[in-house]
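Each of the next two complexes has chain A plus one other chain: chain B in the first, chain C in the second.
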Partner chain A sequence: MTRYIIRRSLTAIIVLLGISFVTFLLLHFIAPSPGRAALGVRATPAAVHAYNQQHGFLKPFLVQFVDYLNQLLHGNLGFSFVLNQSVTAILGERAPLSAFLSGTSVVLAILVAIPLGIFQAVKRNSVGDNVLTAVSFTLYSTPVFLFGVLLIQIFVFNLNLVDANVPQSQTLLGALADFKDIILPIVALTATNVASYSRYQRSSALDVLAQDYIKVARSKGLSTRLVLMRHLVRNAALPMVTLVGLSIPALLAGNLLIEALFNINGLGLLFVNSLQRQDFQVLLAYTLIGAALTVLGNFIADIALTVADPRIRLV
Partner chain B sequence: MTQMDLMTAPAAPPEGGDLMVLQSGWRLAVREFLANRLAVVGVGALLFFVLFSFFGPLVYHTDQTNTNILFTDQPPGAGHPLGTDDLGFDVLGRLMKGGQASLEIGFLAAAIATVIGTLWGAIAGLVGGILDAFMMRIVDVLLSIPFLFIVLIVSIKYGASVLTLSAILGVFSWLTSARLVRGEVLTLRVRDFVAAAKVMGATQMRLIYRHLIPNALGVVIVNITFEIANAILAVAALGFLGFGIQFPQTDWGTQVSNSVTEVLNGYWWLVYPVSICLVATVMACNLVGDALRDAFDVRLRRR
Partner chain C sequence: MTSQRSNARRAILLAAASLLVLAACGTTKKTADQNLKAVGYGNLPSQSGTPQAGGTITFSQSPGADPNWIFPITPAANSSVYVAYQFQNLMWRPLYWAPKGSSPQIDDALSLAAEPSKSADGKTFTIKLNGQYKWSDGQPVTSADILFFIDIYRAAVKENPSNVGNYTPGQFPDNVTSAVAVDQNTVTLTFDKVYNPEWVFLSEIGQIVPIPSHAWAITKTGGSQVDYTDPANAKAIYDYFVTQSKDLKSYASNPLWQMVDGPFKISSYNANTGAANFTANAAYAGPNKPHIAELDELAYTSTTAEFNDLRSGKLDVGFVDPSDIPQVPALQKQGFNVYGLPDFGFNYIAFNFKDTTGHWSDIVKQLYVRQAIAHLQDEAGVISGLYKGAAFEAYGPVPAQPVSPFAPANAKQNPYPFSIDAAKQLLTSHGWTVNPGGTTTCTSAGSGPSQCGDGIPAGTPLTFNIVYSNSPAVIGQQVNAIQSAAKQVGITINTVPKTFNFIVENYGVPEAPANNNQWAAEDFGGFSEGLYPSTNDLFNTGGSFNQGGYSDPTMDQLISNSINGTDPQAVQKEAAYVTQQLPGIFQPNPDLIWAWKNTISGPPDGFANMTQYVITPEMWFLKQ
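For the complex of A and B:
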């Protein structure tokens, strides 16, 4: 167990190093001259050169990479020349809202998808199962922004229940001041997550249903309810841990698109705006954080699974 | 398919040889695929959208080069079955033009990703050892970087055309197929026919091209359909954010980029027809992919 955790941590660290190398490489080639970005288009080449020299951007590639790593370890994600502010501060300001949005929708999606998938597996090929499969398949093929547009059409324009704009406050509490306006984005994200999770949950539950211990439990005379609660749900829901860990890049992408659609002042909208401003420092810093979150998510999922499932520990 | 080979091999007539067995495995898969009604619907839908986008303009002539600012945002009516957009282009013709870009990018990106991924996975799986560990760590690294993020960043710098966008999408989406092929190769390379080929003096390259890739093809083909669906979705997301194909070219994602404003104005013909095309195409790819997976997976086959 301990050996597994150590080995798993080592690979995670290697992958994190690789990720920071990739973001550094991209930053180096896409935005090669920070001096130009900092001093503007009218600065003389000599001034740009002096700036680059002074800030260490002319050192050898590997030396610069080590500097970059050193800065990262101290929590410094770089400096945005466009916003004239430290990237860490910019990202930190907006993180709570995005974290709330993604976190809520993932938790809701899990709470809906597990019972839904198990229901579908138990009532396999019934009308209910087929309808749910069709719905989740359609949702699974629908881009999240189109689903969001559909929600806006129905709930904002037709029914006039909520506003399509989330309050433009920088703080989480400010944005939640008009709570009903953030319901639509959460519903859109939750629904697309449920679509992918419940498909997986259904097939995982089908696998478990075919196992001998379910037959044993049934033949012992346990009620269907007990078999489902004690034996099926626990075993069938375990792979969900891995799935959530793996789906982090998709979650971040969904968050980005939904924040752009509903104009929510979080990290996703910041990313879209930074694309328009060509603010590569911010873009790559957020990419780095997203990748690190993915590695961390997979790591936690793997460890959690070994703790929860003794069968994996033996391997 | 491979298990099928083993089962049918002794029964096959000697003169049939390797090829006969291979064909019958394929034929079984095809029969299984055609028995799946949803899959046939998926293939039909895909064919329809390909014909619609590429041959539609030959039948249904519209002016997609000159804007007509006196005739913008017209609802569907005579002469314009799906109305006109904010620049006065005929929407039906625009859909065909957008479909060309979206489908081209989908197919091309999937092709690029599959070629890179298959070779990468086959080499890593066959050579093994340190090289394998190194190559797969690269896959791990790239796989944990959020796909949409990296594609957006690179495309604002380098991409605006069908070719560059396909290249960018392809270059960042070969990771799943590399993992799949590597897994497949790892199980294949200890099989007897690979050992036999080695004993007969086959080179590594011949092993990869002649024995490993053909046998791993089932997995690869299934993955291609999902890659196409993902590439179409990704390019739609890029277009939606305004970083897709640049004007005067267009793609389905770009066509919904102003969707909220259009929905607000009640211009439903600018949002829903293109949404239906997009969702139906992606759904068709996913249906075909699911059916192919079932057709190739011998364990799931009804005997």
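For the complex of A and C:
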């Protein structure tokens, strides 16, 4: 296991370096003059030149990249001159709420989707299965933005139960102070996740139900409950482990549409705005951390699979 | 629309911050044409009700506005109308205030000084403070505070030209050879040569924002006062205030930022969103003492989120995005006043006079071709169809609305109204065989009055491309409308969507000449103008943002007159010529629409100015 972790860590470093280089290269081509984007259409050429020089954008590409790596090695993600804050501070302000929303919705979705999927598999082609399938398909095909708008119309304007927007605060605890106002975005995100997860779970459970060891368990006279809990759930949940592992980067990616709709100043919105403003330091940090989380997510999924299924060995 | 302007126009002149002025210098005071009235969207109600003392009004910041620079000398990267007009100016007043209601002109009543007088040689301007304003510690705003601003400004731009958003090398303060405090309330500024006095007033002196020299001439927290006239000290002061302005989380707690001469003080600030709360400045000595106790500026991630707060009643004063215009009647029924006007500026499709693809540079240099294309734009149709009525026709760089002192005669009547027949006539009378729905080609080459023009060979098809910004969508829709009309006279327009930043970085003759042959015309939105709406740098030969490489000696002379001449009508003449010569196709200007609860009232000017991005919440009150 130790050797495996060391090997994966070394691979991760190479992957992260590669991703950084490619991101740096793409930004370099997309934005040959970040000063123009930062200072505006009618900024004087002298100002644009001075800005680009001040921030090192006039140096050769490779020199800029090495400078950036050197900055990273010193634990410095850079400074956003557009947002007038260090990138670390920006991420620190926005990540907690985005991660909370994504994390909560993923956990809730798992808690709902696993029993739902198994129920549908066990009762396949029943009225209940067909109804739930119809609901899942509807939710899955509904744009999350539209679903959010419908929730706002019903719960804000018709029933007047909650606010349309998440409370503005500099901290996660502050935003959660009025918890009822954060329920709608969680519901919107969870519903979408449930729709997809439950389909995976149903499909996986159907495969497991057809396995010989299930038939053997039943022929031994075990109760349906025991068969399900002891033999079906654990095996049928394996694909979900991988799926959830791959969801970890989403904790950072944020949810652009939900953030825009419910007034959440989160990471998804940060990325899009930074792209529009060509805020290099934020974009680079965001991409790097996203890549790191992807690698980490896969790693955690692999470990979790060995725990869930002793037949799997890490090599 | 809003984002279009905030993108394209943000770029622009904060010089707007600079004000406008009159030709104070001399006897000809320039004011808006009194025969013109603001023709806005919705209704601007008169003041009504009895003011309630105290209370809080919530106000919406624009999505992405992020006011994140508090020191009144703002770097270009952080400079925007939102930072200046809806954040800093609540605390620190510019020397000369604009607009006056919705009109882009100086409001004497809200200014700290009388209009400057000019010396006989035209180089020296005398500014007299009215002595009314005080800092929040009771000290008066004096001439030293003006000189302090100029010295720190100089230190900032010497360090890096991008340190001040309004700075243009060679102009203010580089062209100020002497700044002298004659007495506590009088300052004289001497310029290096004679300039147009209106330009000096509106574009140069108009940039001044007095800052408290008696409290801010320090180089470290708790440090003692230093001589700010020493450039080394001025640099140290500037650097210190930059570090303070970069500490966003301390905005509300840093005592430096409590030393204000404006009607409000910052009391809380959210570094994550830019949301800010202001409390009335009890020591405010200027006109219009605040009735309300607090102004709560709320931040939004989208226009949808903002409008939801308006509908739910959480927001008292908020903008109405064009996409929400169909819901305005419901908003009015709910008890909101709604009013909008275009902000001062223009939108246009810029021609590229350096694109030689398909002989385009030779084609577009012909005025009749530009006129024909102008005739293909149905402004009324665009306004009713795309802007849902919330826009105003515009034919040049200085529009008829908002009403300004500088609109030329041809701003009020479209010189090239929508007419397919007129476009066809112009082409056929100049040697083109028009093939509606097909391809119009030059069949009479030559430079005669009835021929296509120099450099256009027979058989040349009339075809070109327009690169346009993919956001907001209305830009592409307008381009498509012209494309469709052009087809009716056999002109083929190929449209290419790109991002705003891609266009301004890659498709401009001064910025990226290597790409000159990749675009024939471009539409990225437009510009907000300063109080002095000269097109200097835009349409003069070699101008730093003359994207299309337009060159016309007459235009150069007219622009020079606006900057260097003495004719008080110079800008009107310049604008009239631009309108007539069409270096681009001017488009309708969309309204900037605001809604506020009818439980809030105040002088109409205090609401009309929001259409120019400016807020004066000290004029607002909650009705008893």
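Here is the rule we use: the second predicted complex is superposed on the first by the 244 of 315 C-alpha atoms of A that agree within 3 Å, B and C clash if a C-alpha of one lies under 4 Å from a C-alpha of the other, contacts with A are read in each partner's own complex, and residues count from 1 in each chain.
By our rule, a contact is a pair of C-beta atoms (placed from the backbone, for glycine too) under 8 Å apart; a residue touches a chain by one contact, two chains touch by 3 or more.
Values in this document were obtained by computation on a predicted structure and should not be read as measured data.
Determine, under the contact definition given at the top, whether A:94 touches first (chain B), second (chain C), both, or neither.
After superposing on A, A:94 lies in contact with chain C but is clear of chain B.
Could you tell me if A:290 is touching chain B, chain C, both of them or neither one (first, second, both, neither)?
A:290: touches chain B, not chain C.
So in the superposed three-chain picture, is A:44 touching just chain B, just chain C, both, or none of them (first/second/both/neither)?
second
Is A:119 touching anything from chain B or chain C once the two structures are fitted on A? First, second, both or neither.
The answer is neither, since A:119 touches no partner chain.
Scan A:24 for contacts with chain B and chain C and give back first, second, both or neither.
After superposition on chain A, A:24 lies in contact with neither partner.
Between chain B (first) and chain C (second), which, if any, makes contact with A:164: first, second, both or neither?
both
Who does A:298 touch here: chain B (first), chain C (second), both, or neither?
The first partner, chain B, only.
Regarding the shared-chain residue A:82, is it in contact with chain B (first), chain C (second), both, or neither?
second
Just to be sure I read the superposition right, which of the two partners does A:259 touch: chain B = first, chain C = second, or both, or neither?
Second partner only, chain C.
Intersection of chain A residues contacting chain B with those contacting chain C?
30, 149, 152, 157, 164, 260-261, 276, 278
For the complex, which residues does chain A have touching chain C?
30-33, 35-48, 50-51, 54, 81-85, 89, 93-94, 149, 152, 156-157, 163-165, 168-170, 259-265, 269, 273, 276, 278
In the complex, go through chain A and note every residue touching chain B.
Its residues touching chain B are 11, 14-15, 18-19, 21-23, 26, 30, 137-138, 140-143, 145-146, 149-150, 152-153, 157, 164, 248-249, 252-253, 256-257, 260-261, 271-272, 275-276, 278, 280, 283-284, 286-287, 290-291, 294-295, 298.
Please output the residues of chain C touching chain A within their complex, sorted ascending.
Chain C reaches chain A through residues 8, 10-13, 64, 66, 68-69, 75-79, 160-162, 165, 167-169, 245-246, 248-249, 270-273, 275, 298-302, 304-305, 308-309, 311-312, 314, 499-502, 504-506, 510-511, 524, 527, 537-538, 544-545.
Spell out the residues on chain B that touch chain A in their complex, using ranges where they run on.
Within the complex, chain B touches chain A at residues 137-138, 140-142, 144-150, 152-154, 156-157, 229, 233, 236-237, 240-243, 253, 256, 259-260, 263-264, 271, 275, 278-279, 282-283, 286-287.
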